[in-house]
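By written order: A, B, C and D. Residues from 1 in each chain.
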Amino acid sequence: MSAVWGNNLKVSIFGESHGNAIGINIDGLPAGFELDMDKILEEMARRAPGRNQLSTARKEADLPEILSGVFQGKTTGAPLCAIIRNGDTRSKDYEKTKDFMRPGHSDFAGNARYLGFNDYRGGGHFSGRITAPLVFAGAICKQILEDRGIVVGAHIASVKDIKDKAFDSINISKEELKELREKELPLLDSKLEDKIKHTIMQAKYDGNSVGGTVECAVVGIKPGVGNPFFDSVESTLSHLIFSVPAVKGIEFGRGFDITTLYGSEANDEFYYDGDVAKTKTNNNGGINGGISNGMPIVFKVAVKPTSSILKEQNTIDIKNKTNVKLQIQGRHDPCIAQRAVPVIEAVTAIGIFDLLKGRE
Amino acid sequence: MSAVWGNNLKVSIFGESHGNAIGINIDGLPAGFELDMDKILEEMARRAPGRNQLSTARKEADLPEILSGVFQGKTTGAPLCAIIRNGDTRSKDYEKTKDFMRPGHSDFAGNARYLGFNDYRGGGHFSGRITAPLVFAGAICKQILEDRGIVVGAHIASVKDIKDKAFDSINISKEELKELREKELPLLDSKLEDKIKHTIMQAKYDGNSVGGTVECAVVGIKPGVGNPFFDSVESTLSHLIFSVPAVKGIEFGRGFDITTLYGSEANDEFYYDGDVAKTKTNNNGGINGGISNGMPIVFKVAVKPTSSILKEQNTIDIKNKTNVKLQIQGRHDPCIAQRAVPVIEAVTAIGIFDLLKGRE
Amino acid sequence: MSAVWGNNLKVSIFGESHGNAIGINIDGLPAGFELDMDKILEEMARRAPGRNQLSTARKEADLPEILSGVFQGKTTGAPLCAIIRNGDTRSKDYEKTKDFMRPGHSDFAGNARYLGFNDYRGGGHFSGRITAPLVFAGAICKQILEDRGIVVGAHIASVKDIKDKAFDSINISKEELKELREKELPLLDSKLEDKIKHTIMQAKYDGNSVGGTVECAVVGIKPGVGNPFFDSVESTLSHLIFSVPAVKGIEFGRGFDITTLYGSEANDEFYYDGDVAKTKTNNNGGINGGISNGMPIVFKVAVKPTSSILKEQNTIDIKNKTNVKLQIQGRHDPCIAQRAVPVIEAVTAIGIFDLLKGRE
Amino acid sequence: MSAVWGNNLKVSIFGESHGNAIGINIDGLPAGFELDMDKILEEMARRAPGRNQLSTARKEADLPEILSGVFQGKTTGAPLCAIIRNGDTRSKDYEKTKDFMRPGHSDFAGNARYLGFNDYRGGGHFSGRITAPLVFAGAICKQILEDRGIVVGAHIASVKDIKDKAFDSINISKEELKELREKELPLLDSKLEDKIKHTIMQAKYDGNSVGGTVECAVVGIKPGVGNPFFDSVESTLSHLIFSVPAVKGIEFGRGFDITTLYGSEANDEFYYDGDVAKTKTNNNGGINGGISNGMPIVFKVAVKPTSSILKEQNTIDIKNKTNVKLQIQGRHDPCIAQRAVPVIEAVTAIGIFDLLKGRE
């Protein structure tokens, strides 16, 4: 199974790219929380396709309809379900080549998993479109977290080989995280914007795609959130982050780089800044023993290049059991990394909210 | 909570480093499976401390006592619980400095999480020692998986900046994975052994420690295992891998590196090798859309340098709320990466077994 | 939390009586199962209000819209979500007396649970209306179970003090269970129909209500389904049955009556009927040690009288903290037991399907 | 699966009647709670066999050894695992008749479930002996609940056809619940003691057994604990209660009897007693809509006669596939109801603690 996640908050997702609707049922929200619908829609818009030339031309208003769990503008505490109708679908794009397994996609693995009965149109349930309900749920969690002084934010850390500045991991302000949400391309170093756009557009013109990385931070979290072993902060967040299609790696703090250091360099020494315990460095990304230590939680995520490309590719026809050439039609993002930013923020907010709620 | 993991297999761990015993309760094993106890003990021995100069001098026989779930040498299908008594503990080592928060360790975060009531001796429940029961459970899962043609194996991919060869990800044999288990230092390129030992011993003499990476592979798995979204292969494995203390990063297939490629380079093209669908490259690590595609599952894990070092460090005394100097006594591994290898294999086997069992 | 249930099948419900829609997300269905929509609608109709004078005058077509998980008439294996729009609501009925806690209802307990933010209209999320999605999910499970030779059926075992015949628990045919579904009042002894209708209508004219019991059976299940202890057949079914509003008791086999027997009378002796092991009596309701023994699973459920009655009642006004008199307006069933029959069948089917899927 | 239960507290049980040890791992206890070991042992003693002539002659000290989760007398917040060694076992009693399926027992169903690999000695994992660890865990939960003003207690409501007085469900004192724990036979009407003892001993001399009912109450719980639908108080408690071997029925408040009342009689009218909302009657057993309403939670449980009897019975030999006569040797309780009392209290305490912890 796969549709339900959570210990203290339970989210249950559904939907296929070209079905009637996609959505999410959220159980475990506090009662009486006043939702800011404008903010939720802003988050949805950040992820929505068709915003600019950098993303797919498929236009979806992505307007969520709340079916339950909200009364007089406030959460009732009962399950909150929201759905998004699928509008601008071109299912015929997928009919002709439904037996051609698109490289990099779930087609082949999904066909094996579901014995050939999966909805192949637009990737069906595997579609990145299913992240829209996650962004919706994440937007609610973000509001609740911000109400408690915790802010989640992310930026594009790289596109192909162009690297943005990294967060100053011992000193990230809530404001800078919020400001990133306003940007078309959320970069710390805005001077890179043109170069990155050019790289993405160039890939698009070539019928190709590029990948990137996203750096995410959680600021304002108190020490003591998380668990040893199975539900460590890292386990919880990585579980959710790897639920986002196209993600192939995650590292906390210095991540892979920390393995090249000596222990004396890697360890984050504690000190008192007045009454507050802090660390001089944040190589561990705000997490020790699976539990928050009060420093910003920082991690980086690898988002692979969009699998759908116009360029001709070799693959197999599983009906005729032959090797074939495939040229994928349809409208696709030349780079998903930018649209992945709000999704990564969203699932992070969901994870942090769950951990926070589970703290005794 | 944190002690229970699993959908189709449930493992429940317990124990503190200096308590009476550590252990694991395993529910969901098939009935009638004949356990090879020698093999289980071999796996335990691979992780056990005190094997050579490269690891901690603490000597633990690490002999598991099976309390339930096995009758006449075979699993009964009822919960299998095994415990390991704690023997060679030197609790006094920890008494004097119990209020000094060891940098890199869980002390401070754990103290906040458990309101100061956590067992501080040897890291208590946060101790890497709790991975022994995981290795026990993993050893059983490995046997069952091997019975079904699936082999899990891993090697040290790097220690500090010394890099081993990588697996040839489209062509990994079950034999080479099994052979790695016999080696003192499981390396693909045995010529690096001396250099790596030297690096580790040098760090030890300096009262310091070094980190490393581990590359793990699962061979023999059929297409169609795993799930979209929340219980993807990546989500499941990363959840478990980040439950292993000292792990700070994981990447599947080409991982972070894939983000620098074009889609046309990153996509793994399918072809028929006779009747069997394969991919020409394995940049996605055997997983598409969260589900196995039949190629080897390959991933790499970052293991930070041992946090416990002899060198003097700055830190805080949380009782007196002052900044202090700390010199950690006790016996510690100068490099955990080598002992992490069987642990990573073990939790991977647990995760794969759970996913396999959940497949319809 | 409360909205998610299941180990091997996960159902997640949502909705409030007077909100936009109610619904259910079902995860874990097999891929490729062809749904018989007519049969599903028949089950929905059995529960739907407004069918005859015996039930509430509120008319709801209760037509489910399937949003996902079905493609070309067959299940895809991805989550199947269906919603039912709320139509004929008279929210104003509830406005005036929203601070008056209706006796027997969830108003007071729910208000405490959700800090006063619950949707009070028509009971909100506590409404019996939320059982419609459960009947939808149960109808699907029933079809899958029948495909595997297992039939679930129930009858009204009593209304007030009028008792129907009991199932012959060692000999229940699948046909008789299916035939019960066709009846307006599902009774084994049809001669009681008039008497029962009269009792219900009399209560209605008096502005009052009556309760009843429902006897349910599962036929065709093989020995070995279920688990010892926590997920016994009884635990699983009772968990689901007590999720149905108005249920106050459940007993398996002879139930409470078995406590007055001697062990020699209570024990069901085994014998071989050809190759098949059977029991001579079925006092244990087809379950030993929490696991099916191959005999029909039989249990009885107590459904209390409808809490909503026209008669004036004493209660409290929680806003003004005073004792008040309340006369409940609105349209209500004088007896829920009859409409509970398909709901009890539905959740039983859900439970049995989950247990069956979890069997190794 | 079956060994793990809980949402906010997770208990994981293990053990077979004649294996090395039985035990439980408890995750989710608060840190820093000082355990009263004497009280825990008292609870264990209430359930332990061999206390008097009314119970089995098997003598087990039932001394739990705490392996983890307690440090300096207080809970650490980490998983608390305790085991009980199996001592006085007579495994040979079971060898000769291992293929003879004992009527009323799990032998046949369990054999089907575990493909014949289950430990048949003394019922193996199905043994009532596995309730000892549940009593241990319940004893801890009881202490924590009492610290929060909540008391759980139970009495024998009937043995065969001899009925004890019922609790006065609107007025149960914490003291009377605690006093019941001191009694050899926990009855409200002590005058019945001799008659009940006589009935039990008579059954014993006849090589037979008798059943009974247990009435349980939870006093001091605030309104608002529990959930609508799947995790209602009734669902949660019934799930646990039906995990206790030999239980065949449960009813809350008036239970089955409520179905013979009119709604106007069944509804519990609210009134203010000063500031506190109460109900005039407690036919709903303190629960409305699945959630506590502040009145005592009251329910009754049916415990069937002990399945093991000396009298000769008919049954099957599954090895030879023949009908046979069986005379069960070994030492057994002529009535389990009395020993079920502390077990029912224990699982109730576990359930209430879980629900309480999950309340927002």
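Going forward, a contact is a pair of C-beta atoms (placed from the backbone, for glycine too) under 8 Å apart; a residue touches a chain by one contact, two chains touch by 3 or more.
Listed by chain with UniProt protein names: A, B, C, D = Chorismate synthase.
Predicted model only: the values in this text are computed from it and were never measured.
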Original post:
So which chain is the furthest away from chain C, centre to centre on CA atoms?
Top reply: B
Subject >> B-D against A-B, pair bridged by the larger set of C-beta contacts >> reply: A-B
Subject >> Distance between chain centroids, defined by C-alpha means - chain A, chain B (Å) >> reply: 26
Subject >> Distance from the mean Cα position of chain D to that of chain B, given in whole angstrom >> reply: 39
Original post:
Which chain B residues sit where two or more other chains touch them?
Top reply: 1-4, 13, 31, 77-78, 113-114, 125, 228
Original post:
In their shared complex, at which residues does chain B touch chain A?
Top reply: 1-5, 7, 13, 101, 103-114, 123, 125-126, 130, 158, 160-161, 203, 206, 208-213, 222-232, 234-236, 238-240, 242-243, 245, 247-256, 258-272, 275, 277, 279-280, 283-285, 287-294, 300, 302-309, 311, 313-316, 318, 321-323, 337, 358-359
**OP:** Enumerate the contact residues on chain D facing chain B in the complex.
**Re:** 1-4, 8, 10, 12-16, 19-23, 25, 27-28, 31-32, 65-69, 71, 74-81, 83, 113-119, 124-125
